[in-house]
Amino acid sequence: MELVLLLALPLVAAALTWVIGMRAPRLLAPVILGFPLAALILLLRLRGAVFDNPGHALGWRMEWLPALGLELSLRLDGLSYLFALLVTGVGLLVILYARYYLARNESAVRFFCLLLLFMAAMLGMVLAANLLLLAVFWELTSILSFLLIGFWSWRADARQGARMALAVTGGGGLALLAGVLLLGHICGSFELSEVLAQAGKVQRHPLYLPMLVLILLAVFTKSAQFPFSFWLPHAMAAPTPVSAYLHSATMVKAGVFLLARLYPVLDGTNGWFYLVSMTGLATLIFGAGMALLQRDLKGLLAYSTISHLGLITLLFGLDTQLSTVAAIFHIINHAVFKASLFMAAGIIDHETGTRDLDRLHGLARYMPHTAVLAIVASLSMAGVPLFNGFLSKEMFFGETLAQGLLGEFNWVIPAAATVAGAMTMAYSLRFIYGVFFGGLHPDVPNYPPHEPPRFMKVPVELLVVICLVVGLVPAYTVGNLLAAASLATLRAPLPPYSLNLWHGVNLPLVMSLVSMAGGSALFFLRRDALRRWQQAIDHLNARDAFESGMRALERFATAVTRWLESGSLQSYLGWMLLALLAVPAYFLADLEALAGSVPAGTLDPMGAAALALLAVLAVAVVVAQGQRLMALVLLSGCGLMVSLAFLRFSAPDLALTQISVEVVTVLLLVLALFYLPRETPERAGGARRARDLVLALGGGTLLAVAAYAVMTRPYDPVSAFYIEQSVPGGGGHNVVNVLLVDFRGFDTMGEICVLLIAGLAVQALLKGMRLPTPTAAPDGLPWTSQAHPLLLAMLARLMLPLTLLVAVFILLRGHNLPGGGFVAALITSVALLLQYVANGVRWTEARIAPDYRAIAGGGILLAGLTGLGSLAFGYPFLTTAFGHFHIPGIGEVELASAMIFDLGVFCTVTGTTLVIVSHLGVRNLPPARAGEDA
Amino acid sequence: MNHAVLLPILVPMLAGALLTALPAQRLRAQRIVCAIATLLLVPLALVLLRQAATGDITVYALGNWPAPFGIVLQLDRTGAMMLALTAVLAVAALAAAGEATARQGRHFHALFQFQLMGLNGAFLTGDLFNLFVFFEILLIASYALLVHGAGRARIGAGLHYVILNLVASSFFLVAIGVLYGLSGTLNMAHLGLRLAGLPQQDLPLAVAAGTMLMLVFAVKAALFPLYFWLPRAYASATGPVAALFAIMTKVGIYAMLRCDALSFGGPQGLLGPFLHDWVFPLALVTLAIGAVGAVATRTLRAMTGYLVVASVGLLSACVAMQTQAGWAGAMYYLLSTTLCTAGLFLLADALEPEQPREDGALVTATRFAGLLYLVGVVAAVGLPPLSGFLGKVMILRATPAPWIPALWPAVLVSGLLLLIAVSRTGTRLLWRLPHEAERVPEHVPAGDEYLDEDHPALARARVRPDRRKLACCALLLAGNVALTVCARPVSDYVAEAAAQMLDRAAYLRVVLPGQRE
Amino acid sequence: MLHPVAEFIVCALLLVGSVFMLVGAIGLFRLPDFFMRLHGPTKSTTLGVGGVVLASVAYFSFRGDASLHELLVTAFLFLTAPISAHMLAKAALQRQLPVDPRTRGSGWLPRIKE
Amino acid sequence: MLAIVIPVCLAILGLAFLLTLARLLRGPSLPDRIVALDTLNINAIALIVLLGIRLDSALFFEAALLIALMGFVGTVALSKYLQRGDIIEY
Amino acid sequence: MLRRLLPHPWLSLILLVMWLLLSNSIAPGHWLLGALLGWGIGRLADRWLVLGAFRLSRPDLILRLSFHVLIDIVRANVEVAILVLGRTSRLRPAFIVVPLDVEHELATTALISIVSLSPGTLCAELSDDRRALLVHVLDLEEEATLVEHIKSRYETPLKEIFQCLPS
Amino acid sequence: MAALYAITIGVLGACGIYLLLRERVFPVVLGLTLLSYAVSLFLLGMGRLTIGRPPVIAPGASYADPLPQALVLTAIVIAFGMTAFAVVLALRSLGLTGSDHVDAAGQPESPHEAGDSEAPRP
């Protein structure tokens, strides 16, 4: 439970920042400080539980997603205790420091909130006892780091640095996820306790190497190991408290934390050794070298951090038990001195207004107190005796000598370590000497610089004191902590080691001395050379490289996207048809025999003739497509042939529908054609046409083959039921109509909805549409002056009542004979539209202009309510009722609720058709016709 | 008789019809009717969700004709889940669409209701042709909503969208035709039964038809190479419409799952080779294209469109797995990605107004908008700790061993690309100006060196984003967070839903009580 | 079965109707200019369809159930055929279609080309 | 007798169809094609009535009626288009 | 009152007859329904069927005219058939102008219809002032004869049938 | 018979697809219509070809399969609505761009467009 509290404290604080920030911004920092302090106290109180029972860890768990193996389980053992201590301790100091660092008008709320959230995420990561949970927190730290680096979001460098950090560490997080999933797959669990117990099984598993690589990728990116180190220097665009906290003490340590955490399962293989130690070594040298050549104060510290992280990684890679202890020891030491150094750098930056090492010198005179603190910390970094850095460095040198992994080339590692030590010495001197001495008048924006506020120095002082105390009496200060942490890491009895300042004169001490001397010599003797090199590499900027890489990626992505999404419908359609045709054809190729067992029917001359004419007309449409009206006429002919075919193949209802739809479609297309160009320029090249032809023929073949194959096979349709039930169950003789209004009335309901929506959509589209009105026919001849020829006008009026009567007839008989609401509706619409054509809009709308849309909507309501009527009788929606009534003198009358449904269909279809066509026709208000008087 | 199953279709339909019949100028009345009908869907969905959670499949025989003769609605866990998702999306989208949105064009509310009708119908129907009808309803409503308010980009995208989908619909009918011609039935469960009894030599026809059907669904789902309509259509639609569209692609995925399980026999069925050999690679390509496309975009709107494409890729890969775990992962991820992409569309609408304001003012990001963006993209990219991550992990864990070398790298690399894309878009969108209360601090030189090309003039006036849209976005993202927090019940639910879906016998028992498999 | 006389009547009507349809089609096919071709369909509508429809009326009436509704088809055609022909002629005049050179007169409309 | 005459009539009508189709395809002018289409409609009416007699069924009558009733609307629209461009005017 | 109730008695009657024809039945139910529809649609049509003020008189003339037209159609059809099947080079096509005396719109309409229906003649254009008709003739012997024929045989009875009321 | 029927469907489908792939909206609409004819016939054919036996209940008759007919009816209606919408959409695009190219409205607006040869008509 304590663990939850530990995790909750910063979270609560983060939530509080919003509240306090709104009400009492002045109290923000003091109140907030209390929470990490409480966490720290809580941790110190838990000390006994961790130190005294080394084999036993405090734990807590709650289910989150057991199906996935993802649990909210926490544990506190020595290793996590050490890191938790670092996170809360340094965090506390950083918050105190940031209180004075932030400018008054900056968003302190956002800053502290993010910082506290980061603290929570980091605590969560070190406390996680479930690998997936660890990955969750891992990625959270990346995200929060991104937000913190980009805190000064109006600065381009901050944005770029943040993005780079996120891309690298976030990408590493994804690798970690994959690695953890593999590890969990191997072990069958994501619980740390179970995973750590299965080292042998893991290392023998074939997936060990990919898993290792993935996890190490995460480690190296997070801990800024070579070659992934480039993001860290640019993360220095963050406010300095962030750099001190995230990029020296905690987040970058997450990588090495993971190495320590998974050490028992992963270590001991060649893969581990080569990957880890070689990367560490390369990073150590590279970081130290680059630190020497930095011009930016924080850049120097950043590369120094990289170098030290390399050192720690190398120690893990050396893979002796003692080296692991040394690594952990160095983690502690590095966190302490590097955090204090960053804070000192922040003070310098804050007070002078620059971080440029070329402009900073002689500050010791102006800020003596700060100078002392910084010098102590940097000496510790350099590994000078009396300070804590020396101790772990000694152990490091010792371990480089103790390993025997490279065989003949064993000497390479200690030699490289010594060289790195020398360089460390050199850049530490550069920091001390360059900033605080060497010149009297610093060339800084805020001149003369002075000491910062008192409390801004307190965190630095505290850390420097720790450096000293640990350096002097290590065993009493960090002995227990180190032991507990090492024990938890190794999960084996600790090797013998002694934490003493003086071990006598031995090889490591000699190496130390050599490196210190070499470093001093390098700095003092080769300063000019260093400066030249620095200028030479000044323009080499990882950020620019990264950004240009990103730009290249963007260009590539844009090119790919443009290529795929060319904006050409033809190409999209081509792809789509290819997929829709080729893939089914591929599977259809398995068909053994095209024809099935049912003999093809004998050739019916009339049907055959209709079909042949249809085919001819279809081809003619294609040939004539250039001349649009002609194509339309031919298409209309096709429609007629289709209806004849329907008629021939026993589908009179379809024929009726097709005939009526055809008329309305022609009206619609002719209306559209008025505005469209009369002719279609054919500009497609031969290749395109060939492609289209292939697709078209392929599609046609597929359709034909499928049709033929199915038609010659036997089947057992459910339709027998409909024929059987049509009269007794549906009350109608026309089975198709009964299907439409009864058996499958729901389809019809949907279908009229589609039509209504189309009507609404058309009306919506026509709103505000502007189209150029052609004033003369394309052949240059004028239009005729007679808008409404007398004969047409008069006869159309006469036709209307007759047509309406026919519509009523078709509507009423639909249930028993071909016809029905839909056809009737189209007849009505055509009759009314004819009035528009024959007599003009003004005439028609003055006499017959109901609200078509309301009729359409009302139709659906009518149909829907008819369907609902059956609910009242306890039957499902759309259950129909019908009865035969005998009325004296008139005879048998059949009434069916399906007829009301059909009436609804009628209303909707009529209303919609009229909405569509009449609105399209009416949209040009009184047209100015140039050809009027011609 | 329990009629509740019917209501998710009937309520929007009647509301839509009523809205059509109402005079168009009574906008306020229209809004009220529309809001009531939409809000009604939420409790309704909850009732149905509870009903389905028991594991019973509810069957509603329309017109009192038993299956396979009449059309039946069937409510199972998956369907209820999709209904609930639709209801939530609908509420948020409608709330975000203020009067201004409705005024941009005509009939917004009626079209909105019909769109819901189509969606709900597609989730409920158990009949193949009826599915086609509902697809058409939701498509035509979506065409209309897409071009709502017109504008060049919308019309251009709309035209492509319409024509591509019209062609797809034709092939939908062809596939239905072949299946009917072979089996003599249209009921999906009955179809499954009949196809299973088909003679061996006729099987290729059924497979080809099934393949075509799946590809038609893939057009709606926007699988490569059938996705071309999506990016521009989504990027050009108004925010609330785009938010509602977030579920459109999922209808395709849903239909693929449903038909494969119920009609084609699921894992041991007819479509295995197609799903494994074709859909899976195409899904990977889609995932890649979504990620690459997201990198190529410069606006949040467009990027979200590609996030949708990428999610479709992952979902289709799950569909192809044909395993209970894979489908469960797909359902969970589907919930997550729908909510967050819809939220992002609303956010984009708030932050990137379609037309520049007349006074030249820029919309600045508030802290709240920044938070919403963060939550949205974290969920959409699949970063921890939100549900997108959980969904991805579920999917990765469910991957069959032979597919791991293909799917895992694809997911991880696309995740990295998406991460890059969202960080770039986010910094470009939200970090170009200091926050409202801040000024550039004096002690930091605010010279040109810090300003890059994305940096608009600091001097321009600024306005805050539309609060209503942000609130709706927050609602959707809160849903996503809730998915994360309640991961356990939700994952249990989807696991059961997937298991139920794959258990064809259960459907046959209730849909066709007389028939035996 | 039909009475032979009735059958003969039906057959005659059918043949007359069909032949006139064919005549109309032939006219449409072979006459030299548009205006002359336009005469074709008008002919077939009147007598051609009339014949076939009468045959149908006769056939069904002789079969027993008096059926006159086919007459409506002709009635409608009588109403609509002049409209089509008139409109088409107007369209042709408007579009100044070429006229057979033997055509006499051009009426008062100077637009008609010789 | 009817059994012989009906096929003969069908053949004659078929020939009429072919001739009309030839005109439809050949043009040369648009009005020519429209006339051909109109004639095709009328031929179809005759054919449908004939079919009714042949199949001894009254179910085909409506189709003929509908063509008679609405077929000309297409012709009118097309020819009005040729005359005026816009077919629905004020 | 009767006019209000039954504005178009002729139309209603025609509709009733049509209905009976359509339903192919003379059952009492159909009479009733037909009458109802005839009345209903007739009333509806009142709003749009503005045929102008006229009095339809002389039903005997209508019958006679109809008979004439039918006879002419049959006769001319045969003639035209011979013409069409014969050598096309012998045809004597012509445009002729028929001056009009009828003024009523409906009468003009009827005349155009009749001219177009009767084979061999085709009404191509009506002058804007509706005073003249352009007729295309397939095979013209003598222009004056034909004009006279049209005017006497069709126009005169039409003029009498549609007696215009003073406006 | 089935073979000829199938071939006709194939021809219609092929013509429809070829027109769909044209670059102007009008041929595309024609193509859609042709394709919908093909699909209608295809669906009807799925109920097998039956001559002279419409599914209207009469004493002692056998009938064609009514179900595909009902489907075709629905399909025709839907296709009509869709075509109408597509046509109007195309007009809208024409109004915006002055061209009836299927991609016209998707392309960014160019200043030269007004004088382009694709403008409707002078």
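Things worth noting here:
Read from first to last, the chains carry the letters A, B, C, D, E and F; within each, the first residue is number 1.
By definition in this document, a contact is a pair of C-beta atoms (placed from the backbone, for glycine too) under 8 Å apart; a residue touches a chain by one contact, two chains touch by 3 or more.
Quantities reported herein were computed from a predicted structural model and do not represent experimental measurements.
Looking at chain A and chain D, the chains that touch each of them are C, F. Common neighbours of chain C and chain E under the contact definition above: A. When chain centres are defined as mean Cα coordinates, A lies farthest from chain D.
Here B is the chain whose Cα centre lies closest to the centre of all protein Cα atoms.
Interface comparison, D-F versus A-E: the higher count of C-beta contacts falls to A-E.
Summarising the inter-chain layout, the chain whose CA centre lies farthest from the centre of chain B is E.
The mean-CA centres of chain B and chain C are about 59 angstrom from one another, to the nearest whole unit.
Distance from the chain C centre to the chain F centre is 32 Å, each centre being the mean of its Cα atoms. For the pair chain B and chain D, the distance between mean C-alpha positions equals 49 Å.
Averaging Cα coordinates per chain places chain B and chain F 28 Å apart.
Residue positions of chain B with contacts to 2 or more other chains are 129, 133, 136, 140, 143-144, 147, 150, 159-160, 163, 167, 174, 177-178, 180-181, 186, 232. Shared interface positions of chain E, i.e. residues touching 2 or more other chains, are given as 18, 22-24, 112-113, 123. Of all residues in chain D, those touching 2 or more other chains are 17, 30, 34, 58-59, 65, 69, 71, 76, 80, 82-83, listed in ascending order. The chain pairs satisfying the stated touch condition come to A-B, A-C, A-D, A-E, A-F, B-F, C-D, C-E, D-F.
Chain D contributes residues 10, 14, 17, 21, 24-25, 27, 30, 33-34, 37, 40-41, 44, 47-48, 51, 59-60, 62-63, 65-67, 69-71, 73-74, 76-78, 80-90 to its touches with chain A in the complex. Chain A meets chain C in the complex at residues 777, 779, 781, 783-784, 786, 789, 791-792, 795-796, 798-799, 802.
Chain contact summary for the complex, chain C toward chain E: residues 19-20, 23, 26-27, 30-33, 35-36, 38-40, 42-43, 46-47, 65-69, 71-72, 78-79, 81-82, 85-86, 89-90, 92-93, 99-100, 102-109, 112. Touching chain F in their complex are the following residues of chain B: 129, 133, 136, 140, 143-144, 147, 150, 152-153, 155-160, 162-163, 166-167, 169-170, 173-174, 176-178, 180-181, 186, 232.
Contact residues on chain F toward chain A in their complex (touch as defined above): 1-30, 33-34, 37-38, 40-42, 44-58, 63-67, 69-70, 72-74, 76-78, 80-85, 87-92, 94-95, 98, 100, 102-103, 106-107, 120-121.
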